[in-house]
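Down below is the structure, laid out as structure tokens.
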Amino acid sequence: MTKNVAIVGASGYTGRELLTLISRHRGMVATEIMTARAGTTPDAPQFPTDPVIAPLDLSRLSACDGVFLCTPHGAAAPIAKAALDAGCKVVDLSADFRLRDEALYQSTYGSAHPAPLLLREAVYGLTEHARTALQHARLCANPGCYPTSVLMPLLPLLQNGMLDDQAPIIADSKSGTSGAGKAPGERTHFGNVHENFCAYGVGNHRHAPEIRQEAGTQRIVFTPHLLPTFRGILSTIYLSPKAGSTVAAMRSCLAERYAKEAFVKVYDNGWPELKCVQHSNQCHIAIGQSGPLVVVVSVIDNLVKGASGQALQNMNVMLGLPESEGLQ
Amino acid sequence: MTKNVAIVGASGYTGRELLTLISRHRGMVATEIMTARAGTTPDAPQFPTDPVIAPLDLSRLSACDGVFLCTPHGAAAPIAKAALDAGCKVVDLSADFRLRDEALYQSTYGSAHPAPLLLREAVYGLTEHARTALQHARLCANPGCYPTSVLMPLLPLLQNGMLDDQAPIIADSKSGTSGAGKAPGERTHFGNVHENFCAYGVGNHRHAPEIRQEAGTQRIVFTPHLLPTFRGILSTIYLSPKAGSTVAAMRSCLAERYAKEAFVKVYDNGWPELKCVQHSNQCHIAIGQSGPLVVVVSVIDNLVKGASGQALQNMNVMLGLPESEGLQ
Amino acid sequence: MTKNVAIVGASGYTGRELLTLISRHRGMVATEIMTARAGTTPDAPQFPTDPVIAPLDLSRLSACDGVFLCTPHGAAAPIAKAALDAGCKVVDLSADFRLRDEALYQSTYGSAHPAPLLLREAVYGLTEHARTALQHARLCANPGCYPTSVLMPLLPLLQNGMLDDQAPIIADSKSGTSGAGKAPGERTHFGNVHENFCAYGVGNHRHAPEIRQEAGTQRIVFTPHLLPTFRGILSTIYLSPKAGSTVAAMRSCLAERYAKEAFVKVYDNGWPELKCVQHSNQCHIAIGQSGPLVVVVSVIDNLVKGASGQALQNMNVMLGLPESEGLQ
Amino acid sequence: MTKNVAIVGASGYTGRELLTLISRHRGMVATEIMTARAGTTPDAPQFPTDPVIAPLDLSRLSACDGVFLCTPHGAAAPIAKAALDAGCKVVDLSADFRLRDEALYQSTYGSAHPAPLLLREAVYGLTEHARTALQHARLCANPGCYPTSVLMPLLPLLQNGMLDDQAPIIADSKSGTSGAGKAPGERTHFGNVHENFCAYGVGNHRHAPEIRQEAGTQRIVFTPHLLPTFRGILSTIYLSPKAGSTVAAMRSCLAERYAKEAFVKVYDNGWPELKCVQHSNQCHIAIGQSGPLVVVVSVIDNLVKGASGQALQNMNVMLGLPESEGLQ
């Protein structure tokens, strides 16, 4: 009854996080641990406890029930196609299937979409908002880390009509460096991150179109920042309530929407911090008044609820396993 | 011709920073280095290179041209009064003289103002905006660190009528821990700061009334956050331009306003980071479009332009010394 | 069949770590979660997911199979006595039962031992070296974090006579700040730890007598240092091999001694880093030549193998549970 | 009377540090700011306040009194030769002229020495120990950062015969990441440094031969470690005193040797930390007993006394300027 899964792109941060999570899962085994980098022989583990990572071998996917794609965007789509053809359920952690509009993908990611026919089929896997669709899906587009932190508090408020229709929705987000991946570069050099802090992608970050698509509005103003931490995203969100929407009502809306959810906690008081959710699949949310606006603070671990944890949550749903297995 | 100054409260971060700055000043000597804590004998230096810090002795202030007050709010006002009576110029780094309204001081700081008669006299020392008044002032209220980072880009835009009169002005500010002072506490325990990040004082921080007073509007939404760094403040500010105000025009407004200022840099492109200004008295500002809003990023070193550096800049003006001396 | 345990001192770092570990244990439940601080009412949790921590109530221990003491030294001994009288197995994470000699305890910790009769009974719980004794023990003195990191590689080499009998054994150890506990203080203030590093307790640290006792030699030179990290200890150990002992032979000695141990890994090549063991109960060891000496590098997570993980490992042995349960 | 100097390799950390130091120097101007990387056009500054860095142009060196070489080892020697031919004084911050033995250079750095004839001429610039020679030198080999931290306390003790002739001299050194340079790589990726710590180069680091050469003994055991900090080196040094050498006598030896030195401080009590010397050209030293050995702790800022500060100190001596100018 144990499900066999493959992890493609296992040498990066999200792949490694998935391996850790699956090692605690009582109904899933990672039988294939691969990298998609071209022409590779198996990675020599740096430390004795590192996993052995094999070169990509599509022929081995047919023995798997599910495939996790932890590869860079652009590289994931062709592997997804092969895995679907082999009969696997696929959760893609890259950006390849997040935007439903082919033209928007091209303008956002700078190249034509590698598998446009699959765009219609992919389910955007914000699990708490896509559970039913995921039960029958073959292909899940795992949400971006920033969009997860913003959409979790935003969607219930939008769906219940509690926000001013005309006012901007401002998400000021701060992320640890693991979101930038394992490959060294200027941006993640210790000397450039430590005792430093910066905004980046102001007005043009790739996660803004994704948030707009799912929120169903173009009024999103999104500014990401890079924290001198490894894990975690904290989004501070500024909202104009519709006339008559009180903070108390908005808090109740969120609390009721997520009351039965294992991985979401809406605070009655106090404000969540990164450390409340690091190494967990939780999303913690608080809301309060600040002058004329309402402020929401939302925190997740970008590698867990923002990536590998939500991917496992989605795969659990797609394979008919208990949704929380491996995640508590 | 050398000016003699006293530093009261020399054991804290801002006092130490002042000592460092003044040691490079060619026209000023710190002849009195005191602490205001009750009943103290001189501090035993922790390291051989630490300064000896004497107990407060008001009688020694009369030999000084200027006095810097680096004491906690509430403690500064009585010392300021004594120093003024002794004929000194006074720059107060505490909050005691920042709010002009006595009632607002009481509601913000929780106790009656200790020297209300002096409130009218104090000049709010955002140097670039108060230079003329400072030349004749006896008492300078040195601005708070967060307000400095917000007001520097905001004031020219407001004064030139470039912002929507009705829209909120949102300042999402992030500060290093030195702003919380040298005394250990839960908030600044290494285990609570490192690999963590949080918002605090949401909707009720003491610097919001100060920003509102100086900006001349109640429409300020201010959220401070605590970074796992020691130095620096980065404020991300969201503005609704008045119809017809373009980003380019707003950038020009800022660039022209600060063109001759030694300590302000308006970027043509790129975005400033904390490391651009740490250990300097600089304020760096960039501005850009993001969806329907304009985003400003402003950075300062909270201990320099946000405290001791601006204090020295103000004292230089008050004592008729070159404004940049000791600060470059 | 599930064992009920109490955690006394649950609000500190080691208590919290134990709660996390036990939550994953399939045969143990933490039924009592207490603090030993005087006169307390239950702690108000700071975050919604924090545990409720009750005041100490010795009468409730009789319903427990085991008791973990995470209290400061001096406070643990009387509670240990009460818990033993109530029929519990006791693992004490404080220093109260580590030194077998009453006079040495007094000279090291500055006060008379609170329960000297129990000193003879306590088993020093370096699990891999005390397993048999622990199976029949009522009281386990959980080793100090530094001693664990030093003794794990040292004991097999000493026991196999591979070291020069006269030469000093030098342990240069570096620890994260969580070893200094949760209470704020000068030593762990963010501004004093971040971007800093220091030696402390040079020549007189309390863990030196403990290492000497267990190593059976006074020739220990031990220097602890404070790292700007939260978790982990790395000890660099300098050894003079006995004539004829090669590095290869010493490596084999360690590898064979620990070949069957789940929580010890001896490297064939490469050097372990803190990140190899953080959040795990592992001790990783490497050994190599450096000029005339042999260098050993040993790493543990000070909160896990150096405290709560080893405590749980010991309790598992004492209660007849699988030794690795809750630790993998 | 102002001296003109060139900085070749100005885009790295040591080049930038030199620019900062020289900007405060009242008798020196950096008239040439160059990079030695092949085929470069001037670097586009990342931030408006960055210096413009020109491609290497040897013909411009003849207008300079002094040249600082901040290039990688191997690249420095040919430029040094050209600069000497142009009549400049040269301080080389690379390793090219530190080892006097050509064969040792080749075995240590893996390639033949590019300018062996200059090896004899170069003065090893541990300033406090080479002042006289430097006054007449054309070429200074600026010491390595680790060797500076080890040799400063070690040399006086060796020269006064206070150490056991046969015992090993153990230097356990810990450095911030700036020692690894500005170029991103695995070793300095934020995710690999933050909340981590490791030993490296155990038994085979390139600075060990340099320490052995200057100490005049092969009995050096040197282990470098990488700290999660940006600046600073702390070396913990374990020494066997010669029979009759007390710690007090050894402390006096150091204190007397350095009594008149502006940049060395020998502690009467307490232990220096990184923060005591960061951003300064100081070397702080403390010494104490630990069991049978004597322990020395020495701290420097690796970018200042360990590189650019000492380089400027050396250039000041070579050009006949006040030795401390620009460094206080």
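Residue numbering begins at 1 within each chain, and the chains themselves are lettered A, B, C and D in the order written.
Criterion: contacts are C-beta pairs under 8 Å (C-beta built on N, C-alpha and C of every residue); 3 or more make two chains touch, one makes a residue touch a chain.
None of these values were measured; they are calculated from a predicted model.
> Measuring centre to centre, with centres taken as mean CA positions, what chain is farthest from chain B?
C
> Mind checking the centre-to-centre distance between chain C and chain D? Centres are C-alpha means, answer in whole Å.
Those two chain centres are 39 Å apart.
> Please tell me the distance, in whole Å, between the geometric centres of chain B and chain C computed from their C-alpha atoms.
46
> When the C-alpha atoms of chain B and chain D are each averaged to a single point, how far apart are the two points in Å?
38
> Of all residues in chain A, which are in touch with two or more distinct other chains?
Each of 194-195, 228-230, 272-273 in chain A touches at least two other chains.
> If each chain is a dot and touching chains are joined, what shape do you get: line, ring, star, complete or other?
complete
> For the complex, which residues does chain A have touching chain D?
Residue list for chain A touching chain D: 13, 177-178, 182, 184-186, 188-191, 193-195, 228-230.
> Which residues of chain C touch chain D in the complex?
Listed in rising order, the residues of chain C that touch chain D are 168, 170, 172, 174, 176, 192, 195-200, 202-203, 208, 218-223, 225, 227-232, 234, 236, 238, 240, 271-275, 278, 288-293, 295, 297.
> Can you check the complex and tell me which residues of chain D touch chain B?
24, 46-49, 194-195, 265, 267-268, 270, 272-273, 276, 279, 282, 284
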